[in-house]
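Both complexes below contain chain A, partnered by chain B and then by chain C.
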Partner chain A sequence: MSFILGTSLLAVVTALACALPGAFVVLRRNAMLVEGIAHAVLPGIVVGYALTHDLNSPWLIVGAALAGLLVVLGNEWLIRTGLVTGDAPQGLLFPALFAAGVIFITLDFSHVHLHTHVVLVGDLNLAAFHQLSVNGVSIGPRYLYVMLAVLAVNVAFITIFYPKLKVTTFDHQFATVLGMRTRLLNTSFMFLVSVTVVTAFHAAGVILVISLLVVPAAIAHLISRRLSVMLVLTALFAVVGALAGFWIAYALNAATSASMAVFFGLLFIAVAVIDALATRVRRYRRAGHAGIKGLLVRPPHEEAERLDGSSPAPSPQAAE
Partner chain B sequence: MSTAPIACRARNLSVAYRAEPVLRGVNFSVPLGSVMGIVGPNGAGKSTLIKAMLGLVTPLTGTVDFSGRPLDQVRRRIGYMPQSTSVDWDFPTTVIDLVTMGTYGELGWIRRPGKAERARAMAALEQTGIPNLAARQIGELSGGQRQRAFLARALAQAPDLYFMDEPFQGIDAKSQQAMVDVLQDLRARGKTIVMVLHHLATVRDYCDHVTLLNVSVVASGPADEAFTKENIRTAYEARDGAEAFLATAV
Partner chain C sequence: MDLIEFFGNHTFRMVFLGTSVIGLVAGALGSFAYLRRQSLISDVVAHSALPGALLAFLTAVVVLGVNGRNMLGLIVGAVATGTLSALFANAIAARTKIRIDTAMAISLTFFFGAGMLLLRVISDGSFPGKGGIDDYLFGNASVITIADLVTSTAVGALALLLMLVFWKEFTLRTFDPVLSTVLGFRAGLIDTLMFTTIVIAIVIGVKAVGVVLMIAFVVTPPAAARQWTRTLPGMVALSGVFGGIGSGFGAYLSIMLGNVPSGPVIVLVLFAIFLISLLASPRRSVITTALHRARAREALRRALLAEGTDR
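Now for the complex of A and B:
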């Protein structure tokens, strides 16, 4: 497998592995919690490296993911104590853990030799450096297979627990009344997110991994009316963004993860604008004879709801 | 205290957020087959009481039992209709999917909802009069339609005991009538309903039993005995327009 093919595949698989759990992260409004996880795993990675001397070791990945879980559980605990409110608990936890990781790196006690820019934004090409070969034939970067394994675990988890994930994400309290083990499910899911973040660290660093997790799902959320559709679109946007980001970076000789993140941002803006325009056009058509004003005013049923907050919306057919 | 069998009972239930008591030593019981309205001023702990009974809030003290059994043994028989503002209505799901969630309690860890569950959800939508909205995205519903969809989800749970948190909040007359019809049907079938109500004026229309709450229980029992001017005045401490209400009603 050529280096370029292997590395672009790696970009796609990394983006997919992050984006699918990212759909639930977006719907649960946990983006900043995941940002916290991404920072908090750093000391786990450094200590793990000191013990294993292999950034792709499963032990390192699980160990560092547990450090990420500290933020999730510590956050829940701090919220329960009521000592700090809002999302301040996250702000208390992850900088301390991240700073510990930075100190470990500075002290060079693990000889991990991580450069600042690798910690922050990752380096896909460096990550793809170690190639796997079978009988002397290259079968792509070793890291690609680690990322594929994480993708497979994520897909399996989401597939098996889809109904549970859906109802706990939409209405946590209702799911609890139904007797679902919502905390177990939530902690398992967050552990998986943490594993994904640790594994993607190589490719995207602690800052840009949040872009891979959140933005494809956020774009899909703009235009999806069903969760299953949102998941498919999330995957689609992840693949498109990964390939576009990779080739833009290749052409400009820039950082791959940064190009992907910027492309995702532009894609979000483009989809948001197109969706807003399409909504306006639909309203315009629905308003029929309302002429150009139809573009500027709310459709009648929305206006009625706005006024009394209650009147039932007529069906689109009725309005036509 | 009535001698009818008891559907659920709270004993000495106390809840606090940090140092602030929200519920203090709440004792009350809901007779089987009754419609119990929980009424009180803002901040009286009405929603918290329901949540504590359903295990959504951990009480400092006290116990709750359902016909003598703990919550975990009777979950299948309990339906819950939370406040409609408690969820994100931009969530990508349709009305039928939302209502089908009411059947998820029986699925176990792996199984997913099939035709039977969908049929139950559809029947619940028929009951609440909005089967035509089944395919809509939930964000397109009006306030009243949202409440009816939430009620349908509770119906799809097929419970014997319903907990409803402000079911009439922000709804139009048509939705209100549809919901009242469902409630009367439930009552006729011997179901027990516990509901938080915000408007004093509607309590007599819907409830045969009332619990007046203001952090602790002011009065609880059959509406005629508990829902008196004196008790309402005590519960509301002349707040929230209770005086105006008392001038015209009861």
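Now for the complex of A and C:
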């Protein structure tokens, strides 16, 4: 397998592995918690590397994922004490953990050769450097298979717990009434997210991990009304974004993960704008008008709504 | 090294004073973000200050031909992109069905990704003074000059002055937004002013602390101060003091330790202050709550037993 093919495959698999659980992260409103997890795994990775000397060691992955889980459980604990209000609990723990990680790195505590730069954006090419070969034939980067395994675990988890995930995501109280162990499910799901973050970290860095987890799912959420459709679209956007970001970075000689993050942001804006325009045209047609004017003129009933003093923002029912 | 030696050294003095000013301003103004439950947007603003700071560097070096690291340009650029990112996140949440937490993550990764691309452009190109430009990520307090200190103190003082002048409006808007609107205060204007002061508090820290960890300066001191006080003036003042002293002490520690960036050390010191406050403040803390509960349980048990023997 050629280096470019292996690396672009790695980009696609990493994006898929992150984006699929990301769909639930977006729907469960955990996006900023994932931001915390992504920062908090750093000390776990550094300490794990000091002990194992292998960034792909399963011990390191599980240990660092536990550090990420610390943010989730700590957040829950801080809320339960009732002493810290608002969204502050989410912002209190992860900077401290991340700071500890940065200090470990600069003190060269574990001789982990991580530049603080790489921590933030990762290095896909470096991650793909270690190639595997069977009988002298290269079968792609070793890291690709680690990511494939994580992807498989994520797909398996989502498939097995699909009904439960669906109920707890959309109607948490109902799930509790049914007697589901919602906290256990939530914690295991967050642990899986944390494992995904740790493994993808190597290629994507803190920031792109968040982008991969959140943005493809958010784009899919914009234009889908069913969970199954949303999952398929999420996977599609993840693949498109990974390939586009990879080739843009390759052509411009820029950092791959930063290009992907920016590309995903632009894709989100494009889809949001097109979706808003399409909704407006559809509504205008239904109101008995036709043509491109719908793009420019506010639909009459929306004016009426405004005069009523109600919110000008279209409700989902109105958009339907 | 003793304290006299420490303060006798120009660089160390700059580090100490620079970080203390940042901690004081961010701590005091962060109180309003905390009480309005908008702490996480500070994280978005801080990360998104990166492309602005770098654009300011490029503009200064390429267009104006001056020192790319001057503090005023940095502040202007960082305020611009930081504010844009917050507006972007709010626009997504208001106009689409995406909720605010996802919107913040989208805005943060978009702006920070752009910043990392710009960083690559700068480090690949030949721009005077580009060495150590990635200090904007984790901060390097030892490059603070007297001019920087004067600028950030002046801008920080301006933000604090705004807070004092509009104290009544800020307080009312924070605790009773409806009443504030009914009384005729313009909600949009007050929100903009309050938000501007918080953004200023964030961006003056970019050079010394870096964009990645600045959130800790805005969130941690108010959360610690809240455990000790029940009044707003008390909270703002104490939060400022915690921020200032924690930052100064953290900077001192980082110099003692040697080759360690000051930002992360300060963050750990602030976190320690928060933990102590949360666990052991006399008025409201984990231990106080546990003691109260134990006492109440004991009193109830005694009352029930007494009732039982009466019968």
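The rule is short, and it goes like this: the second predicted complex is superposed on the first by the 288 of 320 C-alpha atoms of A that agree within 3 Å, B and C clash if a C-alpha of one lies under 4 Å from a C-alpha of the other, contacts with A are read in each partner's own complex, and residues count from 1 in each chain.
Everything that follows uses one rule, which is that contacts are C-beta pairs under 8 Å (C-beta built on N, C-alpha and C of every residue); 3 or more make two chains touch, one makes a residue touch a chain.
The shown structure was predicted, so the numbers you read here are calculated from the model rather than taken from an experiment.
Of the two partner chains, chain C is the only one touched by A:90; chain B is not. In the superposition on chain A, contact is made by A:224 with chain B only, not with chain C. Look at A:184: by the touch rule set out above, it reaches neither chain B nor chain C.
In the superposed model, A:211 lies in contact with chain C only, and not with chain B.
By the touch criterion stated above, A:152 is placed in contact with neither chain B nor chain C.
More residues of chain A lie in contact with C than with the other chain of the pair chain B and chain C. Of the two partner chains placed around the shared chain by superposition, neither chain B nor chain C is touched by A:5. Within the superposed three-chain model, A:167 lies in touch with chain B and out of touch with chain C [touch as defined at top]. Of the two partner chains, neither chain B nor chain C is touched by A:278. In the three-chain superposition model, chain A touches both chain B and chain C at residues 29, 221, 313. Contact residues of chain A toward chain B in the complex are 27, 29, 82, 160-164, 166-167, 169-171, 173-180, 221, 224-227, 229-230, 301, 305, 308-313, 315.
The touching residues of chain C, when paired with chain A in their complex, are 34-40, 42-43, 47, 92, 94-99, 101-102, 104-106, 108-114, 116-117, 120-121, 124, 134, 137-138, 212-213, 215-216, 219-220, 222-223, 226-227, 257, 259-261, 263-265, 267-268, 271, 274, 278, 284-286, 289.
Interface residues of chain A, counted against chain C in their complex, comprise 26, 29-35, 39, 78, 81, 83-88, 90-92, 95-96, 98-100, 102-103, 106-107, 116-117, 120-121, 207-208, 210-211, 214-215, 218, 221-222, 253-255, 257-262, 264-266, 268, 272, 275-276, 313, 316.
Only residues 17-18, 51, 54-56, 72, 75-76, 78, 80, 82, 86-88, 90-94, 97-98, 101, 104-105, 107, 109-110, 112-113, 132, 137, 140-145, 153, 157, 170-172, 174-175 of chain B touch chain A when the two sit together in their complex.
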